[in-house]
Each structure stands twice: as C-alpha cells, then as structure tokens.
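I have a structure I would like to understand better, so I am pasting it below and will then ask my questions one at a time.
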Amino acid sequence: MVEKEMIKGWDKNEMAQKAALDIPNGAYVNLGIGMPELVAGFVPEGREVIYHTENGLLGMGPSPEPGKEDPELINAGKKNVTAIKGACYFHHADSFTMIRGQHLDICVLGALQVSGQGDLANWSTGAKDAIPAVGGAMDLVAGVKTIYVITKHITKNGDPKIVEKCTYPLTGKKVVDRIYTNYAIIDVTEKGLFVKEMAPGVDFDFLQKHTGAKLNRY
Amino acid sequence: MINKIIKTPAEAVAEVFDGAVIMISGFGEAGSPIELIHALIDQGAKDLTIVSNNTGSGHVGLASLIEHRRVKKMICSFPRTANSTVFPELYTKGEIELELVPQGTLAERIRAGGAGIPAFYTPTSVDTPLAEGKESRIFNNKEYVMEYGIKADFSFVKCQAADRYGNLIYNKTARNFGPVMCTAATTTIVQARKVVELGEIDPECVVTPGIFVQKVVEVSNPADESKLVAENRRYPW
Amino acid sequence: MVEKEMIKGWDKNEMAQKAALDIPNGAYVNLGIGMPELVAGFVPEGREVIYHTENGLLGMGPSPEPGKEDPELINAGKKNVTAIKGACYFHHADSFTMIRGQHLDICVLGALQVSGQGDLANWSTGAKDAIPAVGGAMDLVAGVKTIYVITKHITKNGDPKIVEKCTYPLTGKKVVDRIYTNYAIIDVTEKGLFVKEMAPGVDFDFLQKHTGAKLNRY
Amino acid sequence: MINKIIKTPAEAVAEVFDGAVIMISGFGEAGSPIELIHALIDQGAKDLTIVSNNTGSGHVGLASLIEHRRVKKMICSFPRTANSTVFPELYTKGEIELELVPQGTLAERIRAGGAGIPAFYTPTSVDTPLAEGKESRIFNNKEYVMEYGIKADFSFVKCQAADRYGNLIYNKTARNFGPVMCTAATTTIVQARKVVELGEIDPECVVTPGIFVQKVVEVSNPADESKLVAENRRYPW
C-alpha cells in the first residue's frame, strides 16, 4: 500500500475552494485560524459573503497592503486585516451574541479529530505539559448554525483524523456538519458519515482504509 | 449581492402567520414602528403574542392592533398609559392575556433570547408578587429569581437609518428596545426613516449590526402617534 | 386634634429641595415620575449631577422650550426632555445594566406605603379591577445604591403611608434608605426609623401619631 | 464639577491593593492598556488575579507584570500566543494559576458581573472538559452549563477618546473587551489617546457611558507592543 499512501489528493487551495463553493450569497461566516482563512479567497464572483471575526468586526476584508497595517485592526488570529464598506465594530459580548445566539450561518474550523457522530476535538491534545488554550472554538461550535471542518485526512504519522470516537478533549459533541479533507468531502448526518465527493485518485476503499469511522455512499 | 431593502410595509410583513410571537420596539410612541403595525392590521394575522413595553395609545398603532382582536397575549412592563383605553377595557373583560414583566427583566430576557442564553438570575422582583411561582436561588447570601430568555418569530423595529446590509442607527431615546429586539427574532423587520448607501453609517457608530436584520423598508415620514391620538384618529383611516 | 391635622408641613417644592440637598456633586441619579421629578430643580449651584432615564439617556436636561419638543426625546414618564452636553443614548438592556448592576447612586421614588424596615409598595394597590403596571420600579429598588422616597406623610383619608407592614403588594423588601415627607425627613436604618428633621410646626409626638411604625430620635 | 481626568498613569493606578482582581482590556495587543500596566508594575501591587483574554507577549505589558511575579492567577481564554513565553514557563513550573474560560463565556461572565446578573446558562462547553464540575441543566431538551458573573476591583481599559464625564469611544477592533470590563469593576481606570471636550463625542456614538468610568488618563502616544516585542525590549526599561 506504500504507493497508495503517497496519494496527495487536493491541495490546500483546492480544499479551500471546495468549501468556498458551499458558501451561499449573503452568508455570515466565521473562518477559523489557519487553513480555514484560505476559504475567503475562493468564494465565487457574484456572491457577497460577510465575514465575522470574534474580536469585534463584521465585514472583515482582506489583508492590508504592506505599510497600511493598523495594529488595532486585526482578526481572531491577531493578523492585520481590513474592513469592507458596510462593516461595523462591536464589543466582545455583542460579538458572542452573534455566535451563541445562532446568528452566524457558517463557521469553518480546523480539527485534530472528528468523530463519526460529528464530535470535534480541535483545541487541545490533552498532553499534560501543554498550556491549555481554547479561545472562541467552543462558543463557535455551540452557536453557529453550520460547522464545516477543513483538515488533512490523516496526521503526519498516517493516523486517521476522522475517528470512531475522539481521544482528544472535545470542543463540542455532534457539532460538525461537513468535513473537507485532501481526500474527500464527507457529510456528517444522523445516519452516519456519507461521502459526497472524492479527490482525483481516491476511491472509496482507500478512503475507508484511512478513516477511523464507517463511511457510507450516498 | 446582499439587499435587505423591501419596497413596502405590506411586503415586509407579508409572511407573518397566525399565532406568531412578535416583538415591537418603542417606549410609548418613541421608536414604535407604527407603519409596520398598520400594515400588519391590513395583513390580518391573528392570535398573536406581542412583546412590547406598553400597549399603545388611542386607536392607532399597537392599540389598534389590539382593538382589532388580533392579540391573544401581551408581554409588557406597563400596559396602561395616559391615553391607553383599548387594552385596559379588553383586559378588564378577560379578553386578553397579560404577562407583566419588570422593565429591566423584560429587556434582559429579550437580550438573553438573542444571545443564546436560555435563563439567568436577577435580583429584580424578589419578595414581590411578580416573583411568585418562579424559581429562586441564593448567590453570595442574596436571593435572585430565575428568568427565561424570550425569542420571537418576528421583531418589528423602527430606526433612523439603515443600509442594504441591515446596519442600523437610531434616534435619541427612540433607540430603547430596538437593538435587543433585533437580536431575538427569527425575522427582524425594520422601518427606517432613511435608507443610506453602504459606508454612510460610520462603522464605529453602527448600533445594530446587519446580521440581526432580515428586512428593511423605508418610511421617510412616519406618523406622529401623539398627534393622531390627539386628533382621535382610528386606523384603518 | 382637628387643628393639628391641618398642619401642612413642607410644600412639594420644599420637600423636593430637602431631597436635592442630599444629592452630592457627581452623583448619577434617577428620578421617578411625579413629585420626584421636582428634585432636579433644587440641586444647589456648583453641584454637577447626571440624570439617568431608564428609557435610554444619561445626561437628561430640563424640559425643552415650547415648540422645540422632539417626540423621540422623552423621559420615563414619556414627557419631552432635552439632553445636556456630554449626554449619551443607549438601549434598554444597557440602561438596566446601569440600574441592576448598581452603577446609579441615587433613585428618588414616590410611594404608596413604606414600612418600618424600608419595604416599599409603589406600583399597585392590589385592587382586583386594576390594570397592573410595574415599569422599571422593581429594577430600580433592586439595583440602585441609595433609594430615597418622597411622599405625602398621610393619605387623603388621613391614614399613615409609613406603616408597620405594607398591605399593598411590594416593589421591594428593605430597599428604602430615607423618606422625605411633608412632615419630616426619616432615615431607615437597621435599628429602625430615625427622625432626621421635622417640618415647622411638627413635633415628635404628632409625627409618631401619624406614622404607623415606631419612630426613634437620633 | 465632575472631572474624572487624572494627570498621570502613576496617579491613576495608585490605589490598587495587594490581592486585587483586575480586568485588563485587549485582544492581543489591540486595546491593551500598556502604560497603565507599566505604571502598576512600578506601583508594586502583588497577589493579583488578572482577567484578560491573553497573557501578553515578550517582556512588556501584561507579560512583564506576570514576569515580575505580581500575578497569582490568570482568568483567560487563550494564555499562549506567538510571542508569549512568560506565562507558559511559570505555568509549567506550577507557579501561576490558570482558570481557562471559553472566550464568549468570558465576555458574558464579565457582562453579567457588570449587569447585576449573578449567574446564567450557556450552551458553550457542554460535553467538554471545561464543563466538568459545573452545574448543568436542560432547557427545551438541550443541555446548558451554569456560569457565574465576574466582578473586579479594578478594570484597566484602553480607548480612543474620552471626555471629563468618562464617556468613551474606541478604535476598531481595539474595542473588544473594554466596554464590558468598564461595567464590571468597582473602579474603572481608562487610558485614552485623546481627552476631548464634553459634547465632542456624538451622544449617539458613545460606546461606554461615563457612569461606568471612574478615572481617565491621557496617553497620547501609547507604545506599540508588537514593536517592543520585536525589539526584545523589557519593562522596566
């Protein structure tokens, strides 16, 4: 199977593009730190999507031009951003009213593990010497209407990130709706995981072999 | 493109259904979306539960909606004011329900509903008849009453200016319940004195972010309720 | 005693003035509807007091000149008011954060009855045919640091309004700090009611006779 | 006359006492009142409990306060960031306590503290290790965790402009925790880029009403924390 292990599937940009295609016009979207941030670059022309960052901005725009950074205009990852026309600023309690109150449509997050039931672990490996840090992850999965996960299908060690049961501490239980990996797009439903699309070169058996939970075909 | 602007009050309220819970902004006439309420009277939805601080004055606006027997229940803090006769008459006859809520508890219950908080504790109303039948609990040697968040199917809100994203600013004390009500409804319908271009509202001064608003209709010359009441006008005209 | 019953004591303005003298510079104050509103007119020169109205204004000013009324600038009694320089507007949840969160220094309220322990009844006579209406009264007594009551000492029927135990439904229990009546200023303390000052022509025995709870001398 | 303007950061923080609970605004460096924190380091108060979203970067601001061993306990949502080494080292050695709180729960607990709400229920953290040992309860078939309001002895907040009443406006995403922290402390101390005359801030645009602020000090050119960190500066200089 060594040669099969070498399958790369989609690259990061392709994964982000797949997720972006599923964001409809008019959606209010929160993108997690890291790979999820790429999604904003691939939303099809003609769709107007409004990005929320939990540190108090609705209508986040792209990175500023060099030299135009404002240290008081940043995103949740503490990177410099811009604000679009029609944006607004607000404080943290109002920002999490948007999140907890189920006003945001979609949140795209990274993952350490996702279970077959949609449980998500993405904030801690539970290692004893680690400094625990949670940020807004638990609020987002508890409050946003639809949770997309974007992640490599397997870890650097070749272990599946989609598992029967998360071994890392949970961020939330039964919260993930869809998973975008380099191998496939997988829906989390009441009846289990369903494969929506596979990357070029990936077949169902290969995908199941590298997935820790049972997969179903639509 | 995102465009929440609707052409007429009638279109804006068209989807209201019988039995709906509707929050209506305003403190007395200040901030009361009278044109939306009149459009709702024309539209005909009934068996409504209305969440609003008062019950309207004279025979226009909220008072007229109640007079048309469309309201099953009022949730409010102060159901009688100088010129309110419609609600008191129906209430005395036992023909409308009332849930009386202290004003700050009403505001906080609406905010909680909008913020995904199902319940909270408050010192307000402890040891009074309004706490009867409610759970209470001691924190730090002081007693508090548990109150529930309120959500609505619709909020009807009046504001000063809005853009196509639904960002809102208000006028003076007409702000009152509008911002919290916008957060607590499945569908928030706003009447704005003025619809402005994106960016015309300073992003530092937006009071209601557009995410909380679904529909905006421009009503550039809203009726002055107290004048209508003084003239003893009745809706429909 | 008929002649004694005719004692008028202080008039409304004198009562308001007595209360006003007890409002220090820099205080944040909420004035109830009716007689309490008079207090603002008697705050001594040189003291800067900021008035809060629970419908969303901090920095309420006096009534507008005729013809300058704005139906969207009103107080809790729904009367036209103005805003001072340095005022600000906010929504109802923020307004009651100020109240419930114990940020206001003083609230002056009217009363139907006050008990010897400082219980207040001022929102309902409990009459079966009455339309109950509470407004912000319960929030104010539960949250504002100091509660002053300003009221006639006796009812139109000659009954005391200061009573051993309120017979009307309570607004709050043990909430009143001081009572300003036409006959006297009375402090509510842990040890009972103490007479701070009496109006001209009023003596202690007369005052006690018209008061339903035991009075003490300082 | 009301005048909340204080001349220097040192005077503004003079009354902080050992064992105080202090809320410090900021999300990373945006909104962090670095000059107030440095004045507190000079002032010397210790055994502090700090409520702040992060734990500071490099060896300036909050990180320096921690490095000076003034902080007994941190209540925060994200105690490590790109350039934070001070907190992680002390935490690993067991020399500082940490109460980890989800970011939205942290914001809401502070708001509740300021609003006189002793406790509330939230869906955040249910079924996770952060809900362990906490009361939970079912409302409408969904589980929620009970969380307590937080109050502080002091809040240190950075803003854009302030007037002598303590009315505040903020700058962009530096607003973050400032407005809720102002409401939740016995004494709120603010550093403002600019002190302005009464009336210069539009009454419709005030973000923090002056009632929530006790002291204001003008710091017209606040330090740029990320530059100090890049230059590996340490406070005191």
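Chains: A, B, C and D, in written order; residue numbering restarts at 1 for each.
Just so it is clear, contacts are C-beta pairs under 8 Å (C-beta built on N, C-alpha and C of every residue); 3 or more make two chains touch, one makes a residue touch a chain.
None of the values given here were measured: they were computed from a predicted structure.
Between subunit A and subunit C, the least number of touching-chain steps is 2.
Common neighbours of subunit A and subunit D under the contact definition above: B.
Taking each chain's centre as the mean of its CA atoms, C is the chain most distant from subunit A. Centre-to-centre separation between subunit B and subunit C, using Cα means, comes to 29 Å.
Between subunit C and subunit D the centroid-to-centroid distance comes to 37 Å (mean Cα coordinates, whole Å).
Shared interface positions of subunit C, i.e. residues touching 2 or more other chains, are given as 83, 89-90, 93, 96, 99-100, 142-143. Annotation for subunit D: residues 108, 111, 115-117, 122-123, 170-172, 204, 207 touch two or more other chains.
Contacts between chains, counted with the stated touch criterion, involve the pairs A-B, A-D, B-C, B-D, C-D. Residues 27-31, 77-82, 87-88, 91-92, 98, 100-108, 110-111, 122-130, 170-180, 207, 224-226 of subunit D touch subunit A in their complex. For subunit A in complex with subunit D, the residues that touch the partner chain are 53-57, 70-75, 78, 83, 89-93, 95-96, 99-100, 124, 129, 131-139, 142-143, 169-173.
Interface of subunit D with subunit C (complex): residues 1-2, 111, 113-117, 163-165, 167, 183, 198-199, 201, 203-204, 206, 209-212. Within the complex formed with subunit B, the subunit D residues making contact are 108, 112, 115-123, 139-140, 142, 144, 148, 169-172, 202, 204-205, 207. The residues of subunit A lying in touch with subunit B in their complex are 25-26, 28, 46, 48, 50, 52, 58-59, 83, 85-90, 93-94, 96-104, 142-143.
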